[in-house]
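Alright, structures below, take your time with them.
Same chain, two partners: chain A is paired with chain B first, then with chain C.
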Partner chain A sequence: MIEINNLAFSYKKKKQLFNHLNMQLSEGRIHGLLGKNGAGKTTLLKLISGLLFPNDGNIKTLGYVPSKRKPSMLQDIYFLFEEFTLPDFSIQKFKEVYSGFYPNFNENQFAEYLSEFEIHDNEKLNSLSYGQKKKVLIAFGIATNTRLLIMDEPTNGLDIPSKSQFRKIMAGAVDENKCVIISTHQVRDLDNLIDSITILNQQDIILSEPIEKITEKLCFKVLSHNEIEDKILFSENNLRGNWAVAENYKNEDSKLDIEMLFNACFSNKKRIQELFNHNNIS
Partner chain B sequence: MEFKEQQAIYLQIAEYVCEKILLENWKPDEKILSVRELAVELEVNPNTAMRAYEFLQNREIIYNKRGIGFFVASDANKKVSTFRKQQFLESELPVFLKNMQILNISIQEIERYYTKFLNNKKS
Partner chain C sequence: MNEVFNLKRFGLLFKEQTSKNLKLFLMGTVLVFAVLFVFSLLSILSNYTNWQAFNNRIELYKIIIFPTSCLVSGIWFTHLSKSTQGSGNLMLPVSAFERILIAFIINIIVINLMNLLIVLSIEVIFFQKIYILRFAKYFFIDYRFYNLLFLLQSLFLIGSLVFKKVSILKTGVTIFILLIIFQLINVLSINIVFRDIPNLNYNDVFFNQNSNLVTPKYYDFLMRCISYIGFPLIWVASYFKLKEKQG
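So, the complex of A and B:
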């Protein structure tokens, strides 16, 4: 669904943000895009959707070259930004004006999601709080039924019940033809929703794999005091005990901990890449 | 549903379904929630819910009628017990045994507690 080959991009001539970046994202999944602050997550998403143009390399989004900005591609992409300004419209008017860009927009879905988020569609957008505006855009974005749905930090600013509503709505909205990319730091909000993880580091991708692949290769567990475990990639002592990410050579079934995975990727990048690249060859 | 920290999510979902079957919330040969409905209820990715259903289907605890959905197997109760027993022996008992060793508790001591537990239940 998205294919990136040898991408290079920089905002300034001297400072290369991406170099030889390769990535593939398939449909039918909710991809979590993770990376440190300033790693280029939002930039990558803008490149994918044609808002920025690569310096070098190729991007294919839904079969199109995004920089050509073909209407037939754009009507199948919805991008929810982390920071946005909205026109001084009522929600009703917003819907009337913007839904026209999306042929598969579904009014009933939009109304249903708004009511789940407890928002009335006669309200003015500018009278809403940041979190409420975000919920309007989430509801609208999912209701566009585009094949590609990009969300940059969707749970930022959402209150506690709304986060649960968001997960429910997302769980019901994905299907095998849709590709959802969520860029986030709030991994605990989306733990069980994301089923494929891409970790972006300076200039390239450390890891981009479905969750079942990751837990096949890596094991996440608490080590007891006297347990000696070899092949540990990262460990951390906290109240939960001595948590470790280890190579899963015993074939244990464990629950992926995204934060631990993230830390393991940065503390032992080389080994992680070896583990997963080897897999590609076989 | 509160998820545990260590066990794979799809297995926890499978256990959740087993619980429903043992408590007879979901009865033999009855249609159960669709993959999507289950995913929405538990706020998980539908692919993970699907994996849980496949896991249960392989153990013949549920079965799939094409185009209609998933159903509880007629002898699901028995199958669930077997599965749960295996789960207990493989994942819970080792932790228990390890704690016995660390705390220096003998099997006789445990037996006394167990007998007492059984007697309490009877009365």
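So, the complex of A and C:
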């Protein structure tokens, strides 16, 4: 669905943001795009959607070259931006004006998601809080039923109940033809939601793998105080003991901890890349 | 699917842009109408005879309408150049051609049609005469009208790209300063080039109003080409620069 080969991009000539970046994202999955602040998550999303143009290399999104910005490609992409300005419309009017652009827009779904988020469609957009506006856009974005749904920091501004509502809605929104990319630095918000993880560092990708492959290669566990584990990639002490990410050479079953994985990637980047052979296929 | 122009997409975009900017257009219209209404009322009450002459009224209409239509377009362009609004706008599934056509129709045709309607209603209210053809000639056929409109709007487009804050005011001040510099250069050039012709003033040369000055035959043709092609091209180039910034 998305193929990136040897991508190079920079805002300023001397400061390269991406260099020889390769990545593939497949349909039927929710991809989590993680990275520190300024790692280039939003830039990568803009390159994928054709809002920015690569300096070198090529990108294919839904089979199109995104920089050509063909309407047939754009009508199959919905991009939820982190920062946005909404027109002075009621939600009803917003739906009326924008839904026509998306041929697969489903009014019932939109109404259903709004009610899940406890928002009435007769409310004025500008009278809503930032979080509520975001919920309207999330509901609208999912109801467009585009093949590619891009969400940049979707949980920013959402309160705790809304974050779980978001996870619930998103989990039911993906089918085998759709691809969802969620970029965030709030890794806990993506727990139990994403199917694959891409961790972006300055200029390159440390890891881009499905969850099952990550838990096959890595083990996330609490070590007792006396337990000694070799092949530890990252560990952190807390009240329950010593939390660790280790190489899974014993084929143990464990539950992925995104935050631990994230820290392991930055503290032991080289070993992680060796383990996954950095093919960057999700 | 036609990737360049599709009537349904075009209609959707037109609806989106007009609904989103309806308040802005109405405010601009009310502002122009209010200024002209007050001026006309005062001139009639005070027996200001200059205002009774049709040609003088046309000039005043232009003086009021140009800045207002530039202000309205300037606000529209400034909104678009902000990434919070611009990126969302760029993700709408429409072609680049449809976008520029909408921008052109709204900023050049719709705004000016509204201005023409205002002017006609002022004429009906205060002078009980409508010179539709004469107005149409001044507003839609006179190439100097396009010169100024395209040039000013292009400058406001560029202004919305260059200045991050208070771009309309800063653009207005910059245009004013540039205008003074331009006039000074013109006057100096005239004095240098035509030093042998006595009592020649700026208007004689710039508006070709002195019969002693013989201009080449292609002068008018050249000016029309620049007006009909050159200035719209500046507008289009500035618009595409704006689109780049939106991303």
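One rule holds in what follows: the second predicted complex is superposed on the first by the 277 of 282 C-alpha atoms of A that agree within 3 Å, B and C clash if a C-alpha of one lies under 4 Å from a C-alpha of the other, contacts with A are read in each partner's own complex, and residues count from 1 in each chain.
Everything below uses one rule, namely that contacts are C-beta pairs under 8 Å (C-beta built on N, C-alpha and C of every residue); 3 or more make two chains touch, one makes a residue touch a chain.
This structure is a prediction, so every number in the text was calculated from the model and none was measured.
Participant: Contacts for A:A111 in the overlay, against chain B (first) and chain C (second): which applies, first, second, both or neither?
Facilitator: A:A111 sits against neither chain B nor chain C.
Participant: Using the touch definition from the top, say if A:K221 reaches chain B (first), chain C (second), both or neither.
Facilitator: first
Participant: Go through the superposed model and pick first if A:V65 touches only chain B, second if only chain C, both, or neither.
Facilitator: A:V65: touches no partner chain.
Participant: Applying the document's definition of touch, where does A:I119 land relative to chain B and chain C: first, second, both, or neither?
Facilitator: In the superposed model, A:I119 contacts neither chain B nor chain C.
Participant: Do any residues of chain A touch both chain B and chain C, and if so, which are they?
Facilitator: None.
Participant: Quick check on the complex: what are the chain A residues that touch chain C?
Facilitator: 46, 49, 51-52, 69-75, 77-79, 81, 83-85, 87-89, 93, 97-98, 100-102
Participant: Using the touch definition up top, name the residues of chain C that touch chain A in the complex.
Facilitator: Contacts found on chain C: 1, 3, 6, 8-9, 12, 15-16, 19-20, 23, 79, 82-85, 87-88, 90-96, 246-247.
Participant: List the residues on chain A that touch chain B in their complex, please.
Facilitator: So the residues of chain A in touch with chain B come to 28-30, 164, 167-168, 171-172, 174-175, 192-195, 211-212, 215, 220-222, 224, 240, 253-255, 257.
Participant: Can you check the complex and tell me which residues of chain B touch chain A?
Facilitator: Touch list, chain B to chain A: 3-9, 11-12, 36, 39-48, 51, 98.
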